[in-house]
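What follows is a single structure, and I will ask about it in a moment.
Chain nomenclature is as follows: A, B, C and D, assigned in order of appearance, with residue numbering initiated at 1 for each chain independently.
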């Protein structure tokens, strides 16, 4: 596959209460966004174990997006606050170890923000397209 | 037997590198270890022993057993470049008795090991000195012997020369082409190096370990000797005679391969069954199993010790568990 | 110091305040001491205290749950005890902590390299060690050959103890994560290259995991097969996966004792990972683990105004 | 030379739930190109590509030459995949592995077979083998004591009924607690063994079941006067290679996969307590 028409596979963990509904809204409002994402619905962004993200990257996904409710809006009061700390750490660690910056993304999208969801997906897809295929899977070949 | 200068020997190795991958000890960041040689002047001959044993070249840490695609099984691709391992100490070469028994003599034959074994020329080198952790003489191993492996060598640093002797027919063929100097001083040289080896390292002293351990299977000392063992796999991964492996599937769904990887009896998961039941639930049982496997089970069935006295587990253990003390405890 | 520790522990055994003790014994090699768990006074005979006691003794506490334990604790051990108390793996009332003001542990691998020959004997004096080989002899200042983690140790004195032995030691006052800051300045490729080189030496013996007091899970994620997170071989992906997740599990739980790195037989610089996370936790969440049992670990709490910039 | 780790391919011919709790499925596999003979008590490595391998005792009679039967409890990754197999799908089998019940030594002896729960699989193979017209004459009386927690958990119910009707085999089927509609014995296997009290004279006892059952049955048999070398059992271990190479299944000096799985209690006594 040439660099130009590289279509990344992106795994999206969407919180059931906000982002998933947001994605739904984007769909029902017929807002166009890139078809590169594969959605996994989770009860809360706090449910996303950073292990999932690394496992996905290791198994060859090109990018990961985790999206949850805005701070303060969590259905379970504080799940997304905890999640924020976890994601910050794993993101820092991965970048530190030399995995490119644009591989993992996080966003807050509420149930009413269909437009924002489409915008986020667009941005994420573009940034991953720029990076090209996931190199973590190809670690063996960098030398 | 033949005697050649170092330059001649290096040239000899260079010639062999046309048909073989030459594996020899070189100095790395960490210490002296085997590696595939590209720069022949860097090979070290006068060290005592390498950090790791050469077992990983005959029994790789990961080995593909077969591959499958859409449910169709195909044999794994093999790299069949022959190997030529130089500078194996007598302790390590004796570990092959354990491997050969387990993988070749005992039915069915393990083809992966056999193939690598058949395609490897082993050069044993007499050991110029001993470390404080060495105890190979306990197992009737002569550190200065050049009679094991395909070819045996003795490196004399003073004269920068090698005494070289073919043992197997393949080894003899290889050695045949070399020119030689007078080798009559070999015994004298050997005697000289003998002085570097400390005596009284014999821990076993002709005792019958099978009988001893048979009566001490449930001895209460087992509860003490493993001390601060943290259950890592260092001793087993460094051990030249440990051959346990784990088989697992790699890949996704119907496409992938079945691979065997080194495993360690020190890990809790080693014998844990699906039901959650573990026959060796604590480090005590696991450690006992390791010790008995080396000094009782193998001795009984194969009449060979499962330990060669290289001392690697002692040097590398993060909590300083000393297998010598354990033998002493029970003898 | 040794005499005092022995005296105190034997008293405690007599008074039946403890029924086991975690101590260091004189090792069988000149460059090693052996951590051990003893159950009676006789076990104290081999007790030793010098600058080779790098193992983190708190590692054994979760396995001894329910017993009355006497433990000899350096600064880092005591921090691990605090951490284990926070995570309810050990109860304060079960412990009798003999704190030691630690003057730092010595890196015997480094000394061995410098010494060149095989070490046959080590003799410890107040702040130096005399290393004897077969033919030579050399004296080293402990200060100059400290372990990486001890060089920048901020808390050499125990933070929690029933009694403390030795003179008060001043902790390191500079920035203990200076090397990480430097490392971060490298480009992404350089860093990846570095870790690739370091980690490709990993033989997956899991000594780093098992020597860490914070790693006490019943079943580690590497051992789990339902779900199966990673494969067991020598594939560099899996090695990376293991080290990333191991380090990640240490977020806000690592006390910088360095026992992972010291236990590593392949000399992999594992502290480069955990220290980075410790640095981030300190910078972002103003938290250092293992100082006060009343604190909540960094990932078990939050502030509404935590760093949010990275989220769209 | 042949790569011993490659399984032969077999086809699933039949599969059905064996017990009422739907945890145990019996699979019948058909030999395709390659085939092998086996003895009662041997096991196979059942392999699902992409999931892994696991060892199971062969439950069908050695005289049933067309295929193999296994009864498999759903527990881990491989067994889950096995339960999901459909008829016609291909699976890998490596076998036959291990030793077998001492069928030759038992000739001319009485045999009492004591089984519990789903450990009855290889016992079924053994009983069918002994009941085969070719073999039946070689053994004296055969008694079967078989128990489960409730009637639904008994394996091979049709077969059990058949055996009851025969007069060359004594059957004692039991469940742990009384259930309506059950007109056979009630009680734990050790108790029933004591009641049945098979004579130790010239007799082999084959015991196979959960560890707890073996633990309590053994003293009963010893009390009845069975010599230890005539009490035979089949063991289980975590296994990987199944051919005595990978090391993990050792029980003391024996590899359960190669030297076992069938042992007598005289052998087991001399090993470290690691069952």
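Everything that follows uses one rule, which is that a contact is a pair of C-beta atoms (placed from the backbone, for glycine too) under 8 Å apart; a residue touches a chain by one contact, two chains touch by 3 or more.
The shown structure was predicted, so the numbers you read here are calculated from the model rather than taken from an experiment.
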A student comparing C-D to B-D should find more C-beta pairs in contact for B-D
Please tell me the distance, in whole Å, between the geometric centres of subunit A and subunit D computed from their C-alpha atoms. 51
Please report how many Å separate the Cα centroid of subunit C from that of subunit D, as a whole number. 50
In whole angstrom, the CA-centroid distance of subunit B from subunit D equals 40
Between subunit A and subunit C, what is the gap in Å from one C-alpha centre to the other? 35
Subunit C residues counted as touching two or more neighbouring chains: 235
Expected list for subunit B, residues touching two or more other chains, is 246, 248, 252
Among subunit D residues, those touching two or more other chains are 76
What is the shape of the graph in which nodes denote protein chains and edges denote touching chain pairs (line, ring, star, complete, other)? other
Using the touch definition up top, name the residues of subunit B that touch subunit D in the complex. 65-66, 68, 71, 73, 75, 102-103, 106, 108-112, 114, 214, 217-218, 243-249, 251-256, 258, 260, 263, 265, 270-275, 279-280, 285, 288-289, 292-293, 296-297, 300-301
Applying the document's contact rule, which stretches of subunit C touch subunit D when the two form their complex? 225-226, 228
Subunit D to subunit B touching residues, read off their complex: 1-7, 49-54, 75-76, 79, 90, 92, 236-238, 240-241, 243-253, 258, 270-275
Subunit C-facing residues of subunit A, complex: 50-51, 54-55, 58, 71-72, 78, 81-82, 84-101, 105-108, 120, 123, 136-137, 139-140, 142-143
Touching subunit C in the complex, subunit B uses residues 29-30, 48, 61-62, 131-133, 227-228, 230-234, 236-238, 246, 248, 250, 259, 261, 264, 267-269, 314-322, 324-325
